[in-house]
Amino acid sequence: MMSNFWSMGGYARYVWPCFGFAGVVLGWNLWAARRLLAGARLRSARALAMAAGDAR
Amino acid sequence: MWTWFYKLASPPYVYGVAAALMPWLLGGAALAIAYGLTAGLALAPPDYQQGDAFRMIYVHVPGAILSLTVYMVMAAASAVALIWRIKVGHAVAAASAPIGASFALMALVTGSLWGRPMWGTYWAWDPRLTSELILLFIYVGVMSLRSAFEDPARGDRAAALLAVVGVVNVPIVHFSVVWWNSLHQGATIVKLGAPSMPGSMLWPLLSMWLGFMLFYGAVLCTRVQAEVLNRERQAAWVREAIKS
Amino acid sequence: MNTIVDGLGVEGVHVWLGERHVLKGVSLTLRPRELLHVSGPNGTGKTTLLRVVCGLLRPEQGSVNWLGRSITTYRTEYQAALAYASHEPALKSDLTALENLRFAVGLKRRITADELLAALNRTGVGACADLPARVLSAGQRRRVAMARVLAMNASVWLLDEPYTNLDASGADLLSGLLQAHIEAGGLALVVAHHELKLPCNIRRLELNS
Amino acid sequence: MNVGAGQAFVLIVRRELCLSFRRPEQLFQPLVFFLIVTTLFPLGLSLQLSQLRDIAPGVLWVAALLSSLLSLDSLFKNDADDGTLEQLALSGQGLTLIVVAKTCAHWLVTGLALVVVSPIVATALDIPIAAFETMMLSLALGTLTLSWLGAIGAGLTIGLRRGNVLLSLIVLPLATPLLIFGAAATERAISGTSTVGALYFLAALCVFTCTLAPFAATAALRITLE
């Protein structure tokens, strides 16, 4: 039953890479967006710290 | 009269809304995609012509639709940003471009994986795939143009103009590619996603589409936060925003 | 809020170039028969200010007004009254000095070759009129650029480092032209990092970082 | 005393033509490139003459697009580099007029020149003389449209160091419809079938682009100038 599902009627070598690639794209999107936000926060924090330093 | 509009488009407001919306959108996306995958991969019956290979449309079709939808969002945001000089519009456009490009790439790769068993080749110069490829090129052009400028404000506006020019061109490209294709090959290519689908096949597709839309919304929220921060480094509200 | 009805008014102009906040709320007024000398160390936005006053650069905040009206809405009339000499002489090296003038000034007003030659003669480069600009020396190019300003018959002169590459006689000549322009009721904004020695009334604006 | 738009247009076109003819090598280089690229294809493919005729329209059109792109880079860049673009922008004439005049002049010295030499290339590619008329008409329409698309791209990439590559990246995807209809018109002219459909589409694209692109190119120039 299960092996029947995994074989996808003989199309397994196309179906699973297809879904795999879609998964990779979705995962990359999430990861890249988080990384971008973390970077932006870090740079903002640095800029604010520098501005505070200048004020003093 | 326009004050509500500007308040809606003010960076701190957008930042706050994006941060608050993001988990809900991501949760919704996870639910919709989970249902779509289960129903699409396991519950829906195999297609009588394409067998189990048809299941690839559950990522290909939403990916292709999203690549266009994201482009429309990007172009609309760009137009708003250019006309009313609203910085948040540039932030939305800049955030959308890589997401849309990734969806276009997804549509291309999954489309050619679907094409191999159906057409016997990975690439058949099918009009939809060809115009998808050109859409990807336009995305790459917009992103390269934005990053080529040393002054980010100028890069924003240049990329915005190109996005607007592109939106006029995308339908023309699609139409001309369809015209060109009908010239070279007959309409023998099996249509992706038959017009009349039984509900057991259609509902998972709609659910995947909804899931992808929500997913785009979630990623957009995260990216918009970053882009807004990058454009507003000196402002006082940033101090409050990045504390949390 | 000062609305200068008979001259040029710049109000609270802020410009960011990338991450750099170059102009931080610069205001100035300039009336006919006035010369404003803008000075300051390198990188303080002198050229940026001049480009804003020209209308080449749109400030993120603040406005530039000519005869009491914003130069963005009043662009054509303002540009017709304006002569700008940028830091580089802005000459096409393949065209002769005379052709350079004809194609630049000819867009502003109808002008004959004789008038253009007269302008070139006044700046002392009449003999170079038919030479391509690429064979001219840096000082001669500067003089041709000055002749272009003259020929435009403009009331507003916006000059960016006009004394660069000029020899002593050239500098005297330029000072004389500026003096004559001011006395004739014109107004001028001159960016220069050294002192201007002119008999007319010079106001100063010092930009600091 | 003021200079009307018509006079200003003529003056700018004259200026551009004058500049082009002072540097004839800049005129000939894209044309020579066009000839060389079309020579490379048959050499690389080593085809029989009859097969050459099959690929001729595509080769001709790809070479035409690429060689037109070569000269587009300098459309505004040269003037921006030596400061004369600022003088033009402050001349009291609208920026749109300047963009239109410069682009028209550019097409005259590049596009039209390419159309004129195209029969030589066509002969080498074994395109029958009967197809020349359609081919030249389609090339004229196509290069004019491309000049306009390129004006947008050139306006957007003025101040950039690697602007040339970026310009191609921006303009070529937008130019795909031109390639499709242009090559199709030429192909049909060779095979003797009706060319009207493809030519109409090409003409429609040309009219559409010439109507909207001046405004887009002006906006592009404003963005990079301001």
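Going by the order they are written in, the chains are A, B, C and D; count residues from 1 in each one.
In the analysis below, contacts are C-beta pairs under 8 Å (C-beta built on N, C-alpha and C of every residue); 3 or more make two chains touch, one makes a residue touch a chain.
Computed from a predicted model, the values in this text were never measured in an experiment.
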Grouping of chains that still touch (sans chain C): one piece
Inter-chain pair with the most contacting C-beta pairs: A-B
Centre-to-centre distance between chain D and chain B (centres being mean Cα positions), rounded to whole Å: 32
Averaged-CA centre spacing for the pair chain C and chain A, given as whole angstrom: 53
Whole-Å gap separating chain C and chain D, where each centre is the average of the chain's CA atoms: 36
Geometric centre distance via CA averages, chain D-chain A, whole Å: 42
Multi-partner residues of chain B (at least 2 other chains): 233
Interchain pairs in contact, sorted by label: A-B, B-C, B-D, C-D
Contact footprint of chain B on chain A as seen in their complex: 5, 8-11, 14-15, 17-19, 21-22, 25-26, 28-30, 32-34, 36-37, 39-41, 43-45, 47-48, 51
Residue ranges of chain C in contact with chain D within the complex: 54-58, 76, 79-80, 82, 84, 86-95, 99, 103-104, 106-110, 132, 148
Touching residues on chain B, where the partner in the complex is chain C: 150-153, 233
Sites on chain C touched by chain B in the complex: 16-19
Chain D to chain C touching residues, read off their complex: 1-3, 8, 11-12, 14-15, 18-19, 22-23, 82-84, 86-94, 225-226
